[in-house]
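Each structure below is given as structure tokens.
Both complexes shown next keep chain A, but they swap its partner, so chain B is in the first and chain C is in the second.
Now for the complex of A and B:
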């Protein structure tokens, strides 16, 4: 016996969740762009995509976010922390790769100092994933020890039914169980068969890559210059990556009042590590590309036990010069021993 | 919350050298001061700033033995440092910290101390120097080798006089060739070569070395020639910072985050980092 949610009952399910105080976000297509946005009814959703172009990271670590409002007076400064509201949200139809990205970034945002801007949003969100039944040439979850039906970062996992009537529903966490309870009258218990998960061929040898990156003498290998020649430092890969989290802090306002903001930044930008003296430890695009790869597949692994990559393939899918992590790691896998 | 700075009042400012200022800051809020007193140890840094301009990273130049106020010394070089340099007594600025790791000065007890600094790198060294001199009996011989480009560029000039007067401190000053004035009495030459002339013994000695990368490189060579091992030489590194708490992703040298796992390192730890990322 399987718990299932029929397509025909999805609108009722959304209504039940809304009455329980949740805002529901799902993949949508607006103005040619696919991204997670608020939905009211099932027909607002674009669930047939391999992946939306934007990630759900946008809703936990926004492109720009106010941190502190300040007002400067003669002998004092008034500051007000602008923490995000504790709004209950459901992310419906998240791909397992995007869900794993949230889990991966929890380590960084909680490393000793707790970033409440991230965790306020995380603690009030429920992630409902739908396992993938199709993939494209850019998907590479299986290459980074994830899968089209991975449960990492997911609270509730939906698996498409073979007969196309809806999804099998499995609650994975306490938060997920509580959410499924609020829709229990809409779900049905009946025999059902899940469709096969998509096949995603492994694109590179992660073990080989990890060993090569861990070897100190490879840090200054000419490989980095060769592999990164096309990179124009646009930052698209960073912005569209579910796990990339680098940011800038900027004050916007005048000397009397304004807002201190946290804005997306990218290690691929020339100014990222520039000292005021003019010294720049990473003053070429190849050193910046090396930082990206080393950070994701060596430093993050060393500190938090997981690679900073969810295998979604957006970096390659969207790169304007057709680069991306996959190609670099394939080349490393193929280097002579 | 972690990105919210402490408001500080400028108590006084002092011009140390052309373009180099020291600000003495006091806390506006008692609970902020208590936090600082509980957490600050020499070697830690902070992000000093002004709302509307931004924040810059400097060491805390005052020692851990004097926590009633914070002193910072910086060169006016960009937007934030220019605004800080123009701050007057009574103005409000911000401090976020103290962040980072510390010099393990309790491990230096009973040992001889050799402080080596160049130019504007005296401030972080000076924090350690006073933390030790304020408990002078705990340490062996104290030698300070300090050099700058010219006489005018020497910072903390009045403290240099104080250290020169003390008979329990051996102060060796130098300026680069061409930087001396007609009445200059001390050495002329780059710090590494003066160090070789002074030839301090590595026997039971800890070296604390701060300076621009090129000076650190040559001074480390000189120290190694004198028989110092890289585990007994301490230094501080710096990098561009924004968050100071290990999240914005920009201050790492290889896998090491300067803001979290530094800024204090032994020379051995620095040598283990990918030098191409420094």
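Now for the complex of A and C:
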């Protein structure tokens, strides 16, 4: 016997969740863009996508967010923290790669300092993932030790039924179990067979790649210049990445009052490492691209024991000059030893 | 002999004779219909070049990479008419010496690429002059008309919706041959003149600053539009600025290497309709 959510009951399920006080976000296509956004009914959702163009990271670590409001007075500075509201949210129809991305970033945001802006949103969100039954040319989860049905980062896992009537429902965490309970009268218990997960070919040998990256003499390899020659230095790959998490702190206002904000930043930009003196330690695009790869597959691994890539493939899918992690790691894995 | 073979041979010859140090062209991409920029330095590698109807990117932006042309040597580059116009503007704005650029020209029509005669930027002047009156593609004209028919308030809402998607990845700027500033105004941070935040105001600031800087300079290659990861129809805003320059000053960007930049010159018969 398996717990099942039928497509025909999805609207009832959404209604039950909404009446339990949740806001439901799901993949949508609005204003010529696919992204997670608030939905009311099932027909608002775009569940057929391989992946939405934007990641759910946006809803935990927004592109710009206020941190504090400040006012400078004669003898004092008043500050007021601007924490995000504690809103109960369900993310429905997340792909396993995006869910894993959240899990990967938890390490960073909870490391030397617990980032309340991230965790307040994380702790109030339930991730309902749908295992992938289709993939495109850019998907590469299997190359980074994940899979189209990975459960990492998910609270509830939905697996498409073979007969296409709905999904098999498996709660993975306490938060997931509690959520499934709120919809228990809508779910059915019956025998069912799940459809096969999509096939995603392995594109590179991760062990070979990480071993090459770990070799100090390769840091200055000519390879980096060759592979990044066509990189134009935009931030598309970093901003669409489910795990890239770099930010910049900016004060907006005047001398006396304003708002301190946390804005996305990108290691692809020359400004990212520009010193006040004008000296830039990463002064060519090849050194910036190397940083991105090293950070994801060497430094992050060293610090947190996990690679900072969940294999969604957006970096290649959306790159204006057809670069991306896949090509670079493929080339590294094919280098003669 | 097809266009691809013809140009592979020519590229190989240019490199082996030492006429150019580098050929910037297109190669196979990560899927069947994707092309990526390739940098060919030896005759043997010329076989990697691909020329077909999928070669859309305006490669002229690579010509202004820091230091590339400073040794005085020549570079060959695959360009469609829009890219040739970009080279003309870059020359007119003193960003490169057109004598160092060998143009491997081609155009795309009816799903196929065909070669364009000529190798120096000036060889293409009659072709580019003929484009001035060619008008827009029916699709672009249709979209442009739709915007023109809106009231100012509706148009503002349209752009507000579109710009709300912007994430300030600056792909539009980085891919654009006209955005060659070593330090863009939005990156000038002592003080920070333009907010870096990607909120509604910040996104308006960025996109309007860029549109103004491209007025009379954009050649409608569509690079920004194709690169935008959040699908903002940037072609429409840039087209509108180009139309303004054409209507007010009879200026079609990139006609020749000595065309005067429209917003940096003054003629006694310039219209003064903007003076209230």
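The rule is short, and it goes like this: the second predicted complex is superposed on the first by the 337 of 337 C-alpha atoms of A that agree within 3 Å, B and C clash if a C-alpha of one lies under 4 Å from a C-alpha of the other, contacts with A are read in each partner's own complex, and residues count from 1 in each chain.
Here, contacts are C-beta pairs under 8 Å (C-beta built on N, C-alpha and C of every residue); 3 or more make two chains touch, one makes a residue touch a chain.
In this text the structure is predicted, and so the values were computed from the model without any measurement.
*Asks:* After the match on chain A, would you call chain B and chain C a fit or a clash?
*Replies:* Aligned through their shared chain, the two binders fit side by side on chain A.
*Asks:* When the two structures are overlaid on chain A, which partner does A:40 contact: first (chain B), second (chain C), both, or neither?
*Replies:* neither
*Asks:* Using the superposition on chain A described above, determine whether A:32 touches chain B (first), chain C (second), both, or neither.
*Replies:* Touch status of A:32: second partner only.
*Asks:* Contacts for A:327 in the overlay, against chain B (first) and chain C (second): which applies, first, second, both or neither?
*Replies:* second
*Asks:* Does the superposition put A:275 against chain B (first), chain C (second), both, or neither?
*Replies:* In the superposition, A:275 contacts chain B only.
*Asks:* Return first, second, both or neither, reflecting whether A:318 touches chain B, chain C, both chains, or no partner chain.
*Replies:* In the superposed model, A:318 contacts chain C only, not chain B.
*Asks:* Name the contact category of A:63: first (chain B only), second (chain C only), both, or neither.
*Replies:* A:63: touches chain C, not chain B.
*Asks:* Which partner does A:248 reach: the first (chain B), the second (chain C), both, or neither?
*Replies:* A:248 contacts both chain B and chain C.
*Asks:* Using the superposition described at the top, determine whether chain B or chain C touches more residues of chain A.
*Replies:* B
*Asks:* Can you give the closest approach of chain B to chain C, taken over C-alpha atoms and in whole Å, for the superposition?
*Replies:* 5
*Asks:* Overlap of the chain B and chain C footprints on chain A, residue-wise?
*Replies:* Residues 248, 250, 276 of chain A touch both chain B and chain C.
*Asks:* Can you list the chain A residues touching chain B in their complex?
*Replies:* Going by the criterion above, the answer is residues 67-68, 70, 72, 75-77, 79, 81, 83, 108-109, 111-116, 216, 219-220, 245-251, 253-256, 258, 260, 262, 265, 267, 272-277, 279, 281-282, 287, 291, 294-295, 298-299, 302-303.
*Asks:* Given the complex with chain A, which residues does chain C contribute to the contact?
*Replies:* Residue list for chain C touching chain A: 29-31, 34-39, 57, 61-62, 161-162, 164-165, 167-171, 173-175, 187, 189-190, 192, 195-199, 202, 223, 226-227, 229-231, 233.
*Asks:* Using the touch rule from the top, collect the residues of chain A that touch chain C in their complex.
*Replies:* Listed in rising order, the residues of chain A that touch chain C are 31-33, 53-54, 63-64, 137-138, 229-230, 232-236, 238-240, 248, 250, 252, 261, 263-264, 266, 269-271, 276, 316, 318, 320-324, 326-327.
*Asks:* If you look only at chain B, which of its residues touch chain A in the complex?
*Replies:* For this pair, the touching residues of chain B are 1-5, 7, 9, 28, 51-56, 77-78, 81, 90, 92, 94, 213, 239-240, 242-243, 245-250, 252-255, 260, 274, 276-278.
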